[in-house]
Amino acid sequence: MSGVYQAEIVSNNSIDNEAYLLTLKAPEIARASMPGNFVQLKIEMADGGFWRRPFSVLDTDGGNIKILYKPLGKGTLALTKFPPGKIVSVIGALGNSFSFPSRDSMIILTGGGIGVPPLYNLAKHLIKSDYNPRNIHFFNGAAGHDSIVYLEESAELGINVYAVTEDGSMGIKGYVTDGVKQFLNGMSKTSLSNEPVMYACGPMPMLRAVGLMVSEYDVYCEMALEALMPCGFGICMGCVVMARDDKSVEGFSYKRVCREGPVFRADDIIWETDGKKWLNY
Amino acid sequence: MSGVYQAEIVSNNSIDNEAYLLTLKAPEIARASMPGNFVQLKIEMADGGFWRRPFSVLDTDGGNIKILYKPLGKGTLALTKFPPGKIVSVIGALGNSFSFPSRDSMIILTGGGIGVPPLYNLAKHLIKSDYNPRNIHFFNGAAGHDSIVYLEESAELGINVYAVTEDGSMGIKGYVTDGVKQFLNGMSKTSLSNEPVMYACGPMPMLRAVGLMVSEYDVYCEMALEALMPCGFGICMGCVVMARDDKSVEGFSYKRVCREGPVFRADDIIWETDGKKWLNY
Amino acid sequence: MAELLTEIAGIEFKNPVWLASGTCGYGEELTDFYGLDELGAIVTKTISLEPRAGHPPPRVFETSSGMLNAIGLQNVGVDKFISEKVPFLRKHRAKLVVNVAGRSVDEYCRVSETLNSVSDDVVMIELNMSCPNVASGMEFSKKPSLASELVKSVKKITPIPVIAKLSPNVSDITEIAVAVEEGGADALSMINTLVGMAVDVNTFKPRLSNITGGLSGPAIKPVALAMVYRASQAVKLPIIGIGGIRNVEDVIEFMLCGASAVQVGTANFIDPMTPMNISHDLDIWLERKGFTSPSELIGKIEVE
Amino acid sequence: MAELLTEIAGIEFKNPVWLASGTCGYGEELTDFYGLDELGAIVTKTISLEPRAGHPPPRVFETSSGMLNAIGLQNVGVDKFISEKVPFLRKHRAKLVVNVAGRSVDEYCRVSETLNSVSDDVVMIELNMSCPNVASGMEFSKKPSLASELVKSVKKITPIPVIAKLSPNVSDITEIAVAVEEGGADALSMINTLVGMAVDVNTFKPRLSNITGGLSGPAIKPVALAMVYRASQAVKLPIIGIGGIRNVEDVIEFMLCGASAVQVGTANFIDPMTPMNISHDLDIWLERKGFTSPSELIGKIEVE
């Protein structure tokens, strides 16, 4: 159950690669939050911006929640100026969360850009639940070396971390899905007893590519989607995606990313109908 | 001639009594500005506020201009958070300015609330032009002791300074016009060679009272008016006051506070017509 | 303490602060934040005869102090609403107003008639008149004769009092207000959203899959106030003011312009506690100003 | 460098960025900031037959991302405009569009006719159709037949090309657009302000002496875009887009929706350099995207 809380900013610092780490004192949310959950932050901003802004929970630490964000537009830019001690209104924990895989799975985390936080959170939770870090493979994709986030911190969890950059300035060159495909191809050659399970988060065009990939490779996959979110807790019907729905006459229904999601099974998402993409991608 | 300038904030500090002193590096404006002039500051603010906010020039200091302001609403409150080094867009110098009185006048400055800055500026200019500080009488009115601004700084100019507070917590008790009336009454009793000349600035209800007073006492008076100012440089026709105008058929015309003003002769302002006040006072 | 009890068309509401249609679902999600019985009333998302999937995404876009939406009346349909949603709302003692739409007068009537089976639960029906009429192409709330006919027909078929919810996209709001009054409406609510659009300058595509959508939020408050004011001069019906309401001052403005109650819409998205905060602040505001009931403010704007 | 030259109704403008009526006076004050010949065009404050004092203050109020104004068409009257303002504008080589209003068709015609004496200076006349018609009470831009008649009459009396400036406060903008096209207008401009109001909750008085006023600024941009888009589907006339424009992206949005040029209004108040910045940025934007002229964007929104 989520609520509206007044949270004090504990710290708000620029870390590597243009990303900021925000720590908020929000014990109720910290207690309730699971990997995949997000919060809605109220940010006073200029230019008539007034919606809250959604951010995944990166981590919890006692009564604090941590958020990793990139300043992109008016809200996130204004947020970078918020000093410690300031009180912000935050709604959370929101949305559903990733399901945990069976113990012996080969766990593949596929994150693009600012989609890394919920996957980091998942990895940390899995390890806390005694999953073997060596079975966790985190593909962290970005445009280039300078825009990759939280790579070292992920490596510190003892998991396998792979950088994938579009310009090849770090790690594997290509889209993050290229990196994962190489890995999956390698896997199928060696006979591994571990069944691969994938978790993905990132911009929608990337998730779409992941969706095509997992159906090709027949890999179980859950993905945390992005959407514009006027509310974040299910009352506006604005953030929907087209999802398979056997119970509906049409065979699909529009599901709320904020409520039925943000985590969906990849094979539940319908990316196009009649050859037309239903999103601006 | 005014222009749009990018000015660096030199300092922005809370001084006495909830007022802030803002110093901006704006050499062109500093050079051009005369007492009564004002500037239009661009302040990024929440809640869809987007007009610039007008502030009188309090003082100039080399290439800097100083502004004394009270945080009242969304713009001025946001301004208090602006750190030194920040660049703000400022338009100025705007408006007309006070005319200088004849050398031997008894100069009465009547300021209410945040109407003090242009009068301080005038006093300073007069002294610089070798007017006798002893002939300058500055009545500084406010609700109470805690809301009076720039009293000591004014006294440091060597002029006569009188605090007038509505609650009597400092100086004369009453409205600022009560203080001035006492003074004028005293003057008429002693036979002074000096002709009184008045300059006033403050909220419109106070200026209206000043207007009635000077017509009663037959004292020449110039006043710097307030108005909501969408532009500040004469293109919107939004900031007008009703002013006597012999050239117009109706005997009046609407004059722009930002352009024909902010300084008007008190006897040019029409405060009511057909018994109806033309403003919400 | 001031008394917030508000009467509209003979029905008593705990306070004059309601939730606007389409901005509170069927109330379920909001029970995370407060008890539905604390509201003046909750107006459901528009209910149609058949379930509707709604428009494909993107459905929403943020604009300067406003937002565009083209949800496309996604809803469960009146039957499922009655079987699945009403019991929940009943259990939570929500004061229930059902917003209804149809593609024809007949469809509006059939939805309203179906609601008769739960007339103990439904205190009022609100007709969403911004739906395009299949036959004429025009919205029901754009042509006075259509508007009047619609209200008349629904009034004939149901004993539940009827609110006509007007669209602001008209040349003369008073004409429509008078028409629905003549049609027998028990109250007016206004305004629905203004037609608007936005374009992505990178992709050249509209920001909404439906191309145009409805503009709501603080941006439209001045328009809503003017329409409430004008309508209140033209009709005797109680008016429920809607548009950009975020705080108690906004509510006072609407009441001074002639509204008897208000609905909070887009503001719920930013802070679901808005209606609770407003009722609380309204109490304090009235008390401080020496009023004993919000009804003392209705239409009390001083013009001269 | 892209070529910003823009043609409307056979007339060439240096660029598609104009100043909107009532937001630039008669150009005098703006010469503090830039040369008037750098603009696409300047549209004067509305000129009437006789001088008008305008409404008493308060005339303006800031709203969420918008503002209300009720200036009341304060202007010097057409004779004084010609004798006192035109020489200045001529000297500064301003591309001059004169916005005209009257209380009757006859008054509009008489102002327009008077302007014939300076037809070398006036490249276009813009009819402010939001003025209430004395006889019918309704605005000229609310009733198609009135709108059409007005344009027809003015066209008969003057060789200067005519722009019809439409009001957004109508049920169907396409109806009016078609009517003025049939009336012989050379171009459309839209939108004028939306009717709005605000109330001071402390004094209970309206924020404007005129009670209601016109809403402008970023708040109304979505409404303006939708109207331009719809009108552009209905008529062949070039459209000049107006409403909340602040930057080059806003201009691109209007052009994609069908505008051939734009007018900057309220944004001039916040930053008088806005039109200069926009022309500069437009050049860069077009260049970067591989366009050679803004005309390549007109109506190029991708809707499927």
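Annotations
Each chain carries a letter (A, B, C and D) given by its place in the written order, and its residues are counted from 1.
Everything that follows uses one rule, which is that contacts are C-beta pairs under 8 Å (C-beta built on N, C-alpha and C of every residue); 3 or more make two chains touch, one makes a residue touch a chain.
Just so it is clear, the model here is predicted, and its values are computed rather than measured.
Shared contacts of subunit B and subunit D, meaning chains that touch the two of them, come down to A, C.
Least step count on the touch graph, subunit A to subunit B: 1. With chains reduced to the mean position of their C-alpha atoms, the one farthest from subunit B is A.
Chain centres here are Cα averages; for subunit C and subunit D they lie 34 Å apart.
As a whole-number value, the distance joining the C-alpha centres of subunit B and subunit C reads 47 Å.
For the pair subunit A and subunit C, the distance between mean C-alpha positions equals 36 Å.
Under the contact definition stated at the top, the residues of subunit D that touch 2 or more other chains are 63-66, 203, 205, 217-219. The set of subunit A residues touching two or more other chains comprises 47-48, 50. If you draw each protein chain as a dot and join the dots that touch, every dot ends up joined to every other dot.
By the touch rule above, subunit D contacts subunit C in their complex via residues 63-66, 68, 138, 142, 169-172, 194-199, 201, 203-206, 211-212, 215, 217-223, 225-226, 229-230, 244, 249, 252-253, 256-257, 300-303. Residues 22-25, 28-30, 32-33, 45, 51, 53-54, 56-67, 69, 71, 74, 200, 203, 205, 209, 217-219, 266, 268-273 of subunit D touch subunit B in their complex. Contact residues of subunit B toward subunit C in the complex are 47-48, 276.
Those residues of subunit B that touch subunit A in the complex are listed here as 44-48, 50. Across the complex, subunit D meets subunit A through its residues 64-65, 218-219, 304.
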